[in-house]
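Chains: A, B and C, in written order; residue numbering restarts at 1 for each.
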Amino acid sequence: MSFLLGKNMTGGYGGADILHDCTIGVEKGEVAVVVGPNGAGKSTAMKAVFGMLNIREGNVTMDGEDITALTPQARVQKGMGFVPQTHNVFTSMSVEENLEMGAFIRNDDISGTMAQVFDLFPILKEKRNQPAGELSGGQRQQVAVGRALMTQPKVLMLDEPTAGVSPIVMDELFDRIIEIARTGIAILMVEQNAKQALNIADKGYVLAQGRNLYTDTGEALLADPDVRKAFLGG
Amino acid sequence: MDILNALAVLFNFLVIPAMAYGSQLALGALGVTLVYGVLRFSNFAHGELMAFGTMTTILVMWMLQSVGITGGFLPTALIAMPVGILVAVLLALGTDRLVYKFYRKQKSPPVIFLIGSLAVMFFYNGLIRFVIGPEDQNVADGVRFIFTAGDFKRWSGLDEGIAFRTTQGISILVAILCVAALFWFLNKTKTGKSMRAYSDNENLALLSGVNPERVVVIAWVLAASLATIAGTMYGMDKTFKPFIYLQLLLPIFASAIVGGLGSPIGAVVGGFIIAFSEIAVTFAYKKVIGYLTPGDWVPDGLVQLLSTDYKFAVSFAILVVVLLVRPTGIFKGQTI
Amino acid sequence: MTISIRNISLFAVTALLFVIVGQVQSWSLSLSILNLCLISAIMALGVNIQWGYAGLLNVGVMGFAALGGLAAVLVSSPPVAAAWSVGGGNLLVGLLIAALTVGLIVWCYYDMRGTKRRVLIAIVAVAGYFATRAFWDPAADAIEAVDPAATGFLGGAGMPIIFAWLIGGLFAAGAAWIVGKISLGLRSDYLAIATLGISEIIIAMLKNEDWLTRGVKNVIGLPRPVPYEVDIQQSAYFQELAADWGMSIIELSSMVVKLSYAGLFAIVLLIVLYLSETALRSPWGRMMRAIRDNETAAEAMGKDVKGRHLQVFILGSAVVGIAGAMLTTIDGQFTPSSYQPLRFTFLIWAMVIVGGSGNNWGAVLGGFIIWFFWVEAEPIGLWFMDLITSSMDESNPLRLHLLDSAAHIRLMAMGVIMLLVLRFAPQGLIPERRR
């Protein structure tokens, strides 16, 4: 039983089902990666876990508690952090204000958490007073991840965090994500760059047409000739 | 050549009135821009909201005056204004509950909100005329001048005087206080920041746990308060007449758009740009030129670029230039 | 059948209202209301073309209607020869320079770049402005000095006023072209605000350009397209008719005049309605609706969204201009200060919303019902206030205030009606037909 588990999820955005009996989950301190071709339902699966669409069948549990009926906002309160793929920073607000907004639901002292985020992403400390909209793509992603970390979540969910950033920045970002996982946070992410992502994954899910195709450790998936041929370009 | 006297004329008839008018426009435009930033529509009922708040202020002022309470050397309306603000806030919140909330739930496009605000404008307009009638009302009492033209002449020894009316002084001072308080609220408090965040990126704000209905309530409270203050200042400085507030809508929208719809700093800057251009273009420069040119050379006409009746054209022309050159306004709009 | 029983009965009920007014108040009043209802219906059709077909928000209906009124003056008033001789030439030169200036600015705008463009535009604008005024101001002053009590303006072309209906449409179309060029393609709010602005400017111009419109001195006694009451009263035929029907000749003559107006207006209404319906059914109408419902998709299919919007905005404004000219025709005078946004812009919007946006029959019905209500709300409001305050003393200040303010209730009522329709029947009384 994973710490966060979306089990046998079936559903869509109201029309036809997009997910069919799909299961994804992640343990504390681990990185789980969801990969698959375009239109495989990767992002949809993630959104289903976060409560952004209604699933007809299946359930979502966190730490053994059934959270299927909760709104996304309530899930944030329960300890889930979510970084959307696009529009994931407040462009007109400074980096520091972005982080403060991340901690909006907290009423305790947030300076410690902010210092941790600045330790993790030193560039943000340097640019703390600059509007997030003026930062580069990679830096924006750091702000987005930092913002989500400000609630001190138990689970961090990332929707294609490396979309549109250069390979160097991508490696750097993955390093940081591993670092975050080491602090005991469960990380679930959807990735387009399957090879690199599976490299750092403790667990990998290969989806196609809303179904689980392969589920294994990242290493094993990378080694699997079928997966390589079909999804990783040989 | 008499630069000092020329400056005195400019100050008396251009700079001081424009400062006062600009303050009033800025306060009005701030309300429009806040509602736009949070609810994402241009509120055509804002002018009437101003008129309504002012009307309530006047009614309370009359009550105070009838029991012998006045503001002394200050206008009594200032004491009455908090009640006016309160009632205007209640009206705005009630309207939101009965009208706009439904469309928010339906996720209607902004244009539906806009048409709703037209209907609301109709209603407010009738309400105001029903209660206080369509006539002029005098809002200002107390001491009329901080210093008169005569005072200034005696003090400076110049031929031209500068008069500074109490209501002008109050308009400028109140605008400075309101703007300072608003910016402190938006930039320093958690609630204010959550409002900016909501305006910037609604979905992300929801993910961060911001309660949208609370943000909307605060936006209306601020907009109605600013509207009442702006309306009362304008009424004190000029006169209260219900239909004038409908006409103020154009310069107010122009201010908000020139600055960038949704940007509070833009609304303030836009207000002053519109006010100064409006008065500068319709100002008769005859006297100023007379003082600045050597000898007794004085031009025949008034040397006025446009007749005062065309002041709307100034707001409009500026609006057009902004729409053509930079539709997002000076400070990039669309967010608070 | 495209027109259902429901719609027919709605129109029948409206017709009944006129009969009731005819019986209870007077037939003459009933016909007066009918005439303005016909004009309102045309105006509502114009706004419906913009809003219902294309989703364009025109909050400057007043300005376009006033341009129609201006056309009525310029077409039908007799020319003032003296005014033309003292200032006509210079005025035309001024106009030419102004046009040249604008042309140069536009040319600079499109043909140059950067600082050079900005400097040149500024120079041309300033020079053009002063050159125009050098000719314009003395000309305007001279014209306004020609017998100011009676004329003081250039007068018109002295043609039958009925031509003004067409010219009014053209004037409004021209103004719409300018506004549309500037503000279409931006957010819908901007068009609304820009039209609000242009309408205020048009009214300011009509009030202040005395050489053109006599300003607030008004132009009265515009010629009519129908006979005058006095002429009818002279006619032996009508004298006999009145005697036969047991009516006073004065009443009969006034009714004949009103009926002839009604006939003319009805013809225009039917033509506009026929053309609007035909357009709506045509491929063009289908495309317009497609653009309205999904602009992005229509654009992706290669439709020129901005161009089509401009087209429909101009057409709708032209219809409003025609109605504006008709309104000035029936008034027989042009009074710029009578143009109030509540009456000329927002009331028309109420007609479209209540009638049913997107449906021409709905707009017509809305025009009838809302105008009828607008006129009749005043006596009804007064009666109502009298009723609820009847227990109060005659001189009770509250009673006096309420009776005094009864007229303003209709504004509130109109707001409430609009809000109720928007909320509970957003399609209006006659919903748009889905095909």
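In the analysis below, a residue touches a chain if its C-beta (ideal position, glycine included) is under 8 Å from a C-beta of that chain, and two chains touch if they have at least 3 such contacts.
To keep track of the chains, here are their UniProt names: A = Branched-chain amino acid ABC transporter ATPase; B, C = Branched-chain amino acid ABC transporter permease.
As the structure is a computational prediction, the values presented were derived from the model and not from experiment.
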Topology of the chain contact graph, where touching chains are joined (line, ring, star, complete, other): line
Centroid-based (C-alpha) most distant chain relative to subunit A: C
Chain occupying the most central position, where position means C-alpha average: B
Cα-centroid distance, subunit A relative to subunit B, in whole angstrom: 46
For subunit B paired with subunit C, centre-to-centre distance based on mean C-alpha positions, whole Å: 30
Computed distance of Cα centres, subunit C from subunit A, in Å: 58
Per-residue overlap in subunit A, given as positions that touch at least 2 other chains: none
Of all residues in subunit B, the ones touching two or more other chains: none
Subunit C contact footprint on subunit B (complex, rising order): 41-42, 44, 98-99, 102, 110-112, 114-116, 118-127, 129-131, 133-134, 243, 246-247, 249-250, 253-254, 257, 261, 301, 305, 307, 309-310, 312-313, 315-316, 319-320, 323-324, 327
Parts of subunit C lying in touch with subunit B, wherever the complex brings them together: 55, 57, 59, 129, 137, 182-183, 186-190, 192-194, 196-198, 200-201, 204-205, 207-208, 340-342, 346, 349-350, 353, 404-405, 408-416, 418-419, 422-423, 426
Touching residues on subunit B, where the partner in the complex is subunit A: 190, 193-194, 196-197, 200-201, 203-210, 335-336
Contact footprint of subunit B on subunit A as seen in their complex: 72-73, 76-77, 82, 84, 87-93, 97, 100-102, 104-105, 147, 151
